[in-house]
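One chain, subunit A, appears in both complexes that follow, with subunit B as partner in the first and subunit C in the second.
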Partner chain A sequence: MLETEALRKVFNGKAAVDGINLYMEKGESVGLLGPNGAGKSTTISMISSLVRPTSGDVMLHGKSTVKDPSQIRRVLGVVPQEIALYQELTAYENLIFFGRIYGLRGKVLEKKIAEVLELVGLADRQKEVVKTYSGGMQRRINMAAAMLHEPEILIMDEPTVGIDPQSRSHILETVRRLNQEKGLTVLYTSHYMEEVERLCDRVYIMDHGRIIASGAKDELKRILSGEETIWIDLDRPYPKLLSSLQMNEEIIQATETEKGVKLIVPKGARILASVFQEAEHHQVQIVNVNVQTPTLEDVFLHLTGRKLRD
Partner chain B sequence: MGTFLKKDMLVLVRDKTELTILLAMPFILMVILGFALRGLLGGDTEALHMPVAVVQLDDEQRGTEQFVDELDSIGLPPEVMAELEMTAAELRPYSLLENILTSDNMSDMLEPVLLDASEAEQALKNGEVAAVLTVPENFTYHALQKMLLDIGSGSELHISVSEYGSLSASLFHEIIDRFVHTLNFETAVSKASGDMATTSAEQEEMAAAADIGGIETVSAREPVSSFQYYTIAMAVMFVLYVATAIGQKAYVERQQHVFSRILLSDRHPLAYLGGKFVSATVIAFCQIVILFVLSSLIFRSFASETVAFWFGMAVISFVLSICVGGVAALLTSLTIRFNNNAVTIVFSAGIVSLLAFVGGSFMPVSEMAEFLGVIGRWTPNGAALSAYIQWMQGADAKLLLEPMTRIAVIAVVLLSASVFIFPRRRSI
Partner chain C sequence: MKSVFLLQWRRLYRAPVMLVFLVLTIVFVSLLAGANSENKLTVYTFFDSALTDEGSDAWLEKLNEAELFEFREAQEEEARQAVFAGEINFAVQLMNDDYRLLVAADDPNRFLLENYVNQVFAEELRLREAEQQSSGGEIRTSVEKYMADPPLQAVTTSLEGEGSFKQEGQLQVLFGMSLFFSIYTVLFSLMNIAEEKRGGTWDRMIISPLRKWQVYLGHMTFCFIVGFAQIVLIFLFFHYVFGFDLGERYGTMAVILGCYTFAVVALGLLLMGLVKTPQQLQAVIPIVASAIAMLGGAFWPIEVVTNEIMLAVSKGMPIFYGIDALKGAALYDRGLSELLHPISMMMLFGVACMGIGINLMERR
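== the complex of A and B ==
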């Protein structure tokens, strides 16, 4: 349905996006994962025809949208990272305006507004001025404005940044329903791993303007199929223990966490005994041990050596 | 366009800071300047009623006789002598001054009292009079000699004032200056008509000069009150802030990605620019109408005017509003193209004040240096102010064509520039 061909964007001599190839099938939910500055927003802007690529192309049903942006704009809904709404207007007035610029009028517009307000759960607050809303409510109206014209493809750029858990959960559930019940094609970017894991069938992992890995969630996790993640909680931070664990040749990776250390070790390796030994040697008490199968976060860490939120 | 207009109106109405700048500020300034400078303009002079002492040391009759007597010794041809005698008898400089000071036009403003020198000095000290005008001895004789024969250095009128630099003193000085100016013109005309050698071309030239003198000293038009003047002056100044408000809103739309959302609706980018132009035009027109209505209701500035008068005012306001729409479109184009609101800030913080100054919003252009007046006439606010004032003074509609054309030309230039600058690509 939609694919990019060696998409590249250079700003001031520096490539923000460097030869991205990705595709989306109709009804698919695709995640674009990467830390801040990875080039996700620029990629989305090029796909949605807002930014012209330096080179490469975006094809919709085999036709270039770079040459003819209108074809993608008709079927595209974009939920930007920013609250792209008039803060002085009510939610209803905003939706009236955006609906009208999409050519909707009269009863059709009223019906669509009622539908999207119902969808985002703010029908009873529609007459309130947007700037009086909480961050989460603003993001829900932000999403409603992108849904007015019944798009076939929904692109969401970090739609849950800085909002309360209730609104976050509401947005994620709404996207899941739209995708599964209405067959909406979704491109979801985030640096929240759990959101992408929950919503998306396939994932592209971006870093420094490039796709560093892609595939279905399980395929990606299989990158780390020979490994296990061990979370060790300590009674206090103890850098010397971390240093000695990093020196251990049996441990693939040892990193500090909020509560202690995280180890990536070969599957089945009998490492815990030596970890307890080291802890005793440094007189640090281990309060909890948790052995996990790999997450996408671990995959990203494995591929880039960095955390997603670094 | 209606969608953009409605949205822009709503956004503006909800922005209290912007509303204060657009409506409250000009109204407050209109009140302050209207009261403070009441009397400076022709319409309401009761605020500047001032008694002045006139010390008359001249004997007009004797001065005229002395001038005529001395003509014999110059040796002029008899017919020239007869002409000069007649002109001297008609000129009577002191009588002319007296007529001006006691004229109906001046009676609201001046109350001349004849006093001797010591009485006048005492009255000035006691603050009983605002100024003392001394007509020196042999004023008529010296004036006639200078005016008709160009002999000597003429005669000077002396003015003493209680508060140098005060409004009353300045005004009185101005009246006497204008009297001297008038006298010079009349002399020139007298000399020209009395000169046998003057060619018809020169006489036409003199006649033209007399016309100019007439306009300068005697206004046949309706006077404009300070409230009327400053209602117009503040309206044409603050209407420019509509353009900055629209430019600033465009910047916010760009920053908050609302502009991107509008582009994604597949509207042509120029539709957005057109929306800004129409919004600014309509908002500017509404602002002017509100200010005029407020001024009429509260200060009765334009009370009891005819429908034709209001129609003319509406036409001028509409043309000015279109020009403001042009300014707004240009600011929007620059803001969107460079993703920067610096131009709008500079326009709002400095250029509007500069335009207001040279356009005559703070003081009438006639009080400023001539080159400033010329520049002012080519500012939209200056040209509009000139058109409004002319219309209020009952000028023929044809006379408005020139300032209106200037505004229209400026509007077309601004609009063309904005269309040229605005990014026409469908991406940003």
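== the complex of A and C ==
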């Protein structure tokens, strides 16, 4: 349905997006995962015909949208990363305007507004000025404004940044329902891997303007199938233990966590005995040990050597 | 385009900050021109001890036929004090057949005063002389009768037509101030564009089926109408409430205002192309507005400027042509064909600014 071909965008001589190929089939829910500055928003801007690619193309049903954006503009709904609403107007007035620019008028518009307000659960507060809303409520109206014209494809750019857990799960649940019950095609961008894990069938992992891994969730995790993660909580931070663990040939990766250290090791390696030995040697108290199968976060860490969030 | 246009009205309704400039204009014009318009200059008048009560009353009555001055009876001491303290600029001492002026500062009106008092005295003394010689009392009445329908009349009109000095002063203030404050209204309204670009609603419009020119046009039409309406409202207010005489060329004045407002809207687009953030724009607007107004002669008539460079610079300001053309229409009854020059200069300015401005904005 939608496809990008070697999409590239250069800002001031630096490539923010560097040759992205991705595709979405009808009814799919696709995740775009990557840390801040990876180039996710820029990619979305190019897909939504807001920014002209330096090179490459975006195809909708096999037709270039760079040459003629009119088609994609009608079928695309974009929830921007920033809250793009008129703060001094009421939610209702905002929705009237964003409906009108898609050509909706009169009764049809009223009906759609009632629908999307119901969807985001703010029907009872529509006559209030947006400024007075909480961050989470603003995010929900931000999303509602992109849904008025019944888009076939919904693109969401980090729609849950900085909001309360209640609004967050409301948004996630809404997106999941739209995708599964209404068959809406969704491109969900985030740097929260647990959101992407929950919502998306297929995931692209982005870093430094490139896609570093892609596939169904399980496929991606299989990258790490030969590995497991061991969380070790210590009674206090102890850098010397960390560095000696990092020296250990058998351990793939050792990183510091809030409570202690985290190790990625080959599956089945009998590593714990030597870890306890090291702890004994450095006179550190181990308070908890937890062995886990990998998450997308671990995949990212594995591929880049960095965490998604700093 | 219409939805963008209508949206701006809704936003204005929710946050009517622009009314500030409407009110400010009215306040300024009232202070500078309106309040003064009916006031006469007060002249404290005291009498020489040789003068009888009837004599002094007669002089006072005669003098108070003046249009420009009000002669008010006062004690000598009081009058001298007031002039000395600068509370009033003139006092006059009347004697039986002569007068003395007491002038505080180098007030240009003192010549008018002197002329006037001199004329009244000369006339009266000549009449008295004639009365004495003809021994009969009828000469005064017959002269009065005669003067009511004189065989020869000298009427003074200026080359430029019938616009009086006072009217010109009033209109200078009215035109200058309303065109000046409308710059604020228009530029601050245009800031909506800059804010939308920063806030992301602009992007929302661009990725919708709306065309970019529709978005621009919607904003510009709004700014144009707000600026235009503000000036028209102020003109109407001063015409109907304070009785300012704006002549009869209403259509011509509307065209002039339209061209002027267009030029200001275009100037706003240019500014937005030049600065990066709404904050910068906010800082630049007052500077630009007052610079234009000062250089273009909104605060004082450009005729008082003698510096060649300043005069040359004023020719680059749309407000200069706006005031010039408005005065032409209101004071000297000029029509569109006679005002083609200032009108086309404003249009030229507008087209140039808009072209450069939109180009600069779109390049980013």
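By definition in this document, the second predicted complex is superposed on the first by the 310 of 310 C-alpha atoms of A that agree within 3 Å, B and C clash if a C-alpha of one lies under 4 Å from a C-alpha of the other, contacts with A are read in each partner's own complex, and residues count from 1 in each chain.
One rule holds for everything that comes next: a residue touches a chain if its C-beta (ideal position, glycine included) is under 8 Å from a C-beta of that chain, and two chains touch if they have at least 3 such contacts.
Worth saying up front: this structure is predicted, and the values here are computed from it rather than measured.
With subunit A as the common reference, the superposed partners subunit B and subunit C clash. With both structures placed on the common chain, the touch criterion links A:Arg52 to subunit B but leaves subunit C unconnected. By the touch criterion stated above, A:Gly268 is placed in contact with neither subunit B nor subunit C. By the touch criterion stated above, A:Tyr86 is placed in contact with subunit B and with subunit C alike. When the two structures are aligned on the shared chain, A:Gly13 is found in touch with neither subunit B nor subunit C. Once the two complexes are laid over each other on the shared chain, residue contacts for A:Leu76 go to subunit B and to subunit C alike.
Of the stretches 61-69, 97-105 or 187-195 listed for subunit B, only 97-105 runs into subunit C once the two complexes are overlaid on chain A.
Common to the subunit B-facing and subunit C-facing surfaces of subunit A are residues 48-50, 70, 73-74, 76, 78, 80, 82-89, 93, 97-98, 100-103, 129, 145.
Put simply, subunit A touches subunit C in their complex at residues 45, 48-50, 70, 73-74, 76, 78, 80, 82-89, 93, 97-98, 100-103, 129, 145. For subunit B in complex with subunit A, the residues that touch the partner chain are 3, 6-7, 10-11, 14-15, 256-258, 260-267, 425-428. Interface residues of subunit C facing subunit A in the complex, by the touch rule stated above, are 3-4, 7, 10-11, 14-15, 199-201, 203-210.
Subunit A contributes residues 48-52, 69-70, 73-74, 76, 78, 80, 82-89, 93, 97-98, 100-103, 129, 145-146, 149 to its touches with subunit B in the complex.
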